[in-house]
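Consider the two complexes below, in which chain A is the common component and chain B and chain C are the respective partners.
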Partner chain A sequence: MTTATQATPMTRLFASTEGRLALITLVVFVLMSALSPDKFLSLQNFTSMAFQFPEFAILALAMTLTMLTGGIDLSVVGIANLSAIVAAMILTQVTGSGDGVAVLMMAYAAALAVGLVAGLFNGVLVATLGLPPILATLGSGLIFTGIAIALTGGSAMMGFPPATAWIGNATLLGIPAPLVLFAALAFAMSLLLTRTAFGVKVRMYGANPLAARFAAINIDAMLIKVYVISGALGAIAGMVVMSRANSAKADYGSSYLLLAVLIAVLGGVNPYGGYGRVIGVVLAVLSMQFLSSGLNMIGVSNFARELIWGSLLIFVMIVNTWRAKGRRS
Partner chain B sequence: MADALVTLDGVTKTYSGITALDSVGFTIAAGEAVCLAGENGSGKSTLIKILAGVEQPDRGRITFGGTQQGALNPRLSAEAGIKVIFQDFSLFPNLTVAENIAFSAEIGAGARLVHKARVQDTARRTLARIGVDIPLGAAVETLSVAHKQLVAICRALATEARLIIMDEPTTALTEREVRVLLDIIRRLKADGVAVLFVSHKLAEVLEVCEKVVVLRNGQKVAEGPAHDFDAASLTRHMTGRDVAATPPTPLPASAPELMRVQGLHKDGAFADVSFTLRAGEVLGVSGLLGSGRTALAKALFGLVAPERGTITLDGKSIALGNPLAAAEAGIGYVPEDRLTEGLFLTQSILQNISIGRLGAHAGASGVLNLAGLIDEARDWLKRLSVKAPDPDAPVRSLSGGNQQRVVLARWMARSPRVLVLNGPSVGVDVGSKSEIHGIIAQLAAQGLGVIVISDDLPEVLATCHRILVMKAGKLVDDLPTGQVSETDLAHRLAS
Partner chain C sequence: MKIDWTRNETLVALVIAAFCLAAAIADPGFLSIATLTDLLRGGIVLGIFAVAALIVLISGGIDVSFTAIAAFTMYVTAMVLNAALPWLPWWAALGFGMAIGACLGAINGVLIAGFGLPTLIVTLGTLSIFRGFMLTFIGQKQITTLPPGMREFGRMMLVRGENADGSFYSLHGAFAVTVLVIILTWAILHRTMLGRQIFAIGGSVESARRIGIKVRGVQFFVYVYVGILAGLAGVIHASMARVANPFDLVGLELSVIAAVVLGGARLAGGHGTLTGTVLGVALIVLVRNSLIVLGIPSTWQSVAIGILILIGTGLPAWQAKRAAARSA
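Right after this comes the complex of A and B.
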């Protein structure tokens, strides 16, 4: 058995993935504060960050769930845009009375339905037909984007009733609405993963799909549910994007896919499945946003940011793989 | 001995605190056949891996032909002429016999292009060397198990093998095929090639061996000339006690029928399998590797979908090919390969038990009663006396015997009616083995039907009321345990 070394609370904290991540987040925060104290440490910057990250953070939650099963959902951005366009068509074509809340609710319901159906489609491809998730969702993502382009001709849809702006731009007791939405979803996801039979099955399946089959877990139903939830989260992210951009377009948020994958992996989710915690993903979201805002302030271009994210993803994977090897031997 | 081909001295290997090999030493001379006997988990596989250079020993010396070796790796071992033939042969099923035989030799010679003529020539010469005739152009996947083994031997020979290590060479062979193998071994020995047989059933190869080495719990417990050993003394050394096959307490004549299998058929795996299982009965299904015993076990639990036939439990028929339906009906299955099929290695011990009970501890909303779930799993750890210092540690950290009890606990917690145990004591130590046998007897006493699938004959004889012998996919014998001896049973399996 392993000999218990003298573990202070500090060393124990940093022995866990989430503990190290908390440290990284803190380091990024301090670094950015030091590089550009007056801009980074301003209330305005914090508010702006709180409006910015929820849309891709919600996609990262979807990615976390599918990655826990050892799969991935590359169609989330496609789902987000397609749901936003379906919602936008309702918002622009159905004229409601007053501030348009009734129409908006109808549009949201339709968007969510699109997300659920798209997720069901992915779930059937992966669970029932047994396609590899990475290819199934790569293909379905193109289908969803293709439908979105066909519906709009590729141009942006605008001219929504004022109520549409709320979810992306309002504040609740001074807290940005998208942040509240993300916090609620993250909390719900955490409960789902740790407190429900479904969550336990997701993790166990990710740890060993074959053993899950031998343990008589209803794998097909579980996987379909996973991709349906992922699709629903995609649709919700689509609503936030539509509200903040005050428009919908088939190719919005194209950089969010890589970002969502990066955040999940950085957040300690094992891409082979079986391990991942929502708290880790939240910390990864924060550190990415600090990094991204900070780089913006010191004048690094948006194009360079994608380069940095890609490199970071590879780097984190190398470190994780290397650590996993060290533990095994 | 100066002319020893391979000398091991004080070789020790531990895996995360568990000693797999403890100061093991012996020699193998050129042209000598050595029998390395030991039960599963005795350290045999570790020793093979060390000789093959796959694993590094923590301590100890290894000498090849008088030269002491530093850290070995697979390439160095191969260059020294040490070839391992694993149980699955590691052949390329889609390639031809000739390509398989010549593959390693071609790579070893640094060939970058495929020379068809040379490949054919190498293969033909190697086959001639052991006096066997197999069509060179046949795809290996179409060959019988015995022929695949010969191809694997030829592949080793084609690369100047000086020591061929054969892992469980006879588990899938009929008696006639074993005799062919023994003849080939004699030819190899005459050629100066040494052979190390590694197995838990070696009585049948004793006649060609010069020396026997027995491992138990990682230690060498016996070594000597082969003619000093027989099947009984080998078993005694391997298990550390006289395994008197005391059959279980007889089944009362009034025991009602519990499960009935009729005309179960799966193309290429098993045909027309019918039997009944009574409440409280332990039924053994024994057969060679490849006899269809594992496919049958899986079919009973819905993991393999038979084309025809019925399985009924308490008179109710169970949907075929659906593990969920089987589990729902009260059938449990403890798989053969604990590590890949049975356990979620990275997940906690408790989690591994409670996975089967999620449904029972979840409310209508799907929210788990975590406290109840965990308490129940802890209770099972106690009931099966699983030695788990930290129940929240990954199940990987447990020994084989304790891991097997975790899988058993998962199913027992579901109060099944029938438990199918495929190789219930594979890879567990002797102590755990007898405790697992005790658990099986207890389960039967509670009125469960237990089906034990195993080729461990002493185990089958000690635990089962009745033994079905399976051969080439068919049940050929139905024997009450009291009326059959181990030798008789072994003969029925392999004849």
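Right after this comes the complex of A and C.
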């Protein structure tokens, strides 16, 4: 590559993973707008998209954080469902006065506690006992899902006080509440990764674990924190799912696991650790949602979405490695 | 013979023995031919999947798409044979499935060996692609009338008999296919140059390349072989279930990989044995089928499997960590 081409802003945009992804998102948006302008570009569509994506986008944030350390968290969906079921048990069995806000707060606190404890469990397995993250979280995910099944017998739990619906269905100054929640979490995650010592440690460990050890980073403590945060994000996603579905069940969102991995990788997060930016993940979520809503409108089935997501993932990976090889030679 | 207590195989064998002992004490009827044939039947498709997962793990990769390949293959095989080739005998039906599986595996092979993409990402992508393609363009309805070849295979039994109490037991003919797959894979891994090369790549790709191994060719073979085994398992699954349900099988992939890892294969590559794999599958099937005998309700099944995975992988990891701490 010559220096002359590198200097133009266009090529610089293509040189970064996020730049290319922004372009893909834009292309998808324009394409979908062109295919069904009256439906896709309607306010109603944007509102419904903003309600749909936050639940798996939050899971993708958890995946991003664990992937930055070179790990993965396959138990996030299990954590989401287990915490939703614990919250649902409180909501259905403790009767509060009025609209049930007090009981709801209690349920949220319990769900978050479940998420934190589950995350701590993962962290101890990975950091203290030294299990490979993919196996540790696969095993713990089965355990969390299993406990959720055992608690409910596998059936859905319903009948919540009206306040439960707020977090998944209400709007805040016209903006859907789940979107506000996701934006806040994404912003916090971005700050955590780029502006704190913890974020630097996470990325350093992911890039080179040995160098991180020699730099006297307390790796065990760092890894435990990573999985605890991931567990908490899982619990938050579980609350959004519970509110939108107005029920809790042990096998909700099972397709979200691979979707969360897919979004993180599409967003440019290196699954072997060390590199990843929240903005990339946000762009990946948006392009996925534009694609699925747009395809939905022109009458393409849900299964075709799966096909297109997979193709998009492989396409982006091929382009990324192509670029990397071109730069080396 | 000296028993190596640090090996996963020993640990898994002990857990299996303890499980059977406890089950036999809880219910003396557990030790019967009917239980044995049920367990063997449960291990037929899982066993073939596990062998496929093992060979990928040994080569240093991971494949999560094999269940989608199996579902795709069984559905397309049933459909094509019904529509165009109803006269195909059962062995040709299996061969047809293996050919489709090989083609799908070759797609993984091209992306991994040709483009050099990470195995987890590629197979995650192709899992969605194969499944999405099948459900969008081929069909979503169950095929309840299987082609004659598959029906014939579905009725084939190796052993059939009646217990003293009048209940029947039988061992399906597909069990022989699983045994053949295990023997063939053992021969490839331990009696051919190709097998040595698969181990070598799993140990270190760079070293393998420097001693002159054609890494891409070997990787391509591995993914095509996995495709063939997955296709075979798919057709067997449909024949035994007597229905081709496109929503079957997908979702099993992580449990299969877990069974293989329980048996001592390492995610980092270069390690793994067929003995361990068979034991790992046996343990998972035992837990799935017989947990109820121990008085544990079946709702606790996935908790039990999760705990087994954590113990099975945790003990060696912890030992390795302690050993590393001692030597440091």
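Basically, the second predicted complex is superposed on the first by the 302 of 329 C-alpha atoms of A that agree within 3 Å, B and C clash if a C-alpha of one lies under 4 Å from a C-alpha of the other, contacts with A are read in each partner's own complex, and residues count from 1 in each chain.
Assume a residue touches a chain if its C-beta (ideal position, glycine included) is under 8 Å from a C-beta of that chain, and two chains touch if they have at least 3 such contacts.
Since this is a predicted model, take the numbers as computed values, not measurements.
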Chain B versus chain C as contact partner of A:G274, first or second or both or neither: first
Which superposed partner A:A304 touches (first chain B, second chain C, both, neither): second
Which superposed partner A:N218 touches (first chain B, second chain C, both, neither): first
Touched partner set for A:I143, first chain B, second chain C, both or neither: second
First (chain B), second (chain C), both or neither touched by A:V200: first
Contacts of A:M105 with chain B and chain C, given as first, second, both or neither: neither
Chain A residues touched by each partner, larger count belonging to chain B or chain C: C
Partner chain(s) touched by A:V30 [first = chain B, second = chain C, both, neither]: neither
First, second, both or neither for A:L210, with chain B first and chain C second: first
Common interface residues of chain A - those touching chain B in one complex and chain C in the other: none
Complex contact set, residues of chain A against chain B: 1-2, 191, 195-198, 200-201, 203-204, 207-208, 210-218, 274-275
Sites on chain B touched by chain A in the complex: 16-17, 303, 323-324, 326-327, 333, 335, 340-347, 351, 354-356, 358-359, 361-362, 366-368, 370, 389, 397, 410
For the chain A and chain C complex, residues of the former touching the latter: 74, 125, 129-132, 134-136, 138-143, 145-147, 149-150, 153-154, 254, 258, 261-262, 265, 271-272, 300-301, 303-311, 313-314, 317-318, 321
Parts of chain C lying in touch with chain A, wherever the complex brings them together: 111, 115-118, 120-122, 124-129, 131-133, 135-136, 140, 251, 254, 257-258, 261, 267-268, 297, 299-310, 313-314, 317-318, 320-321
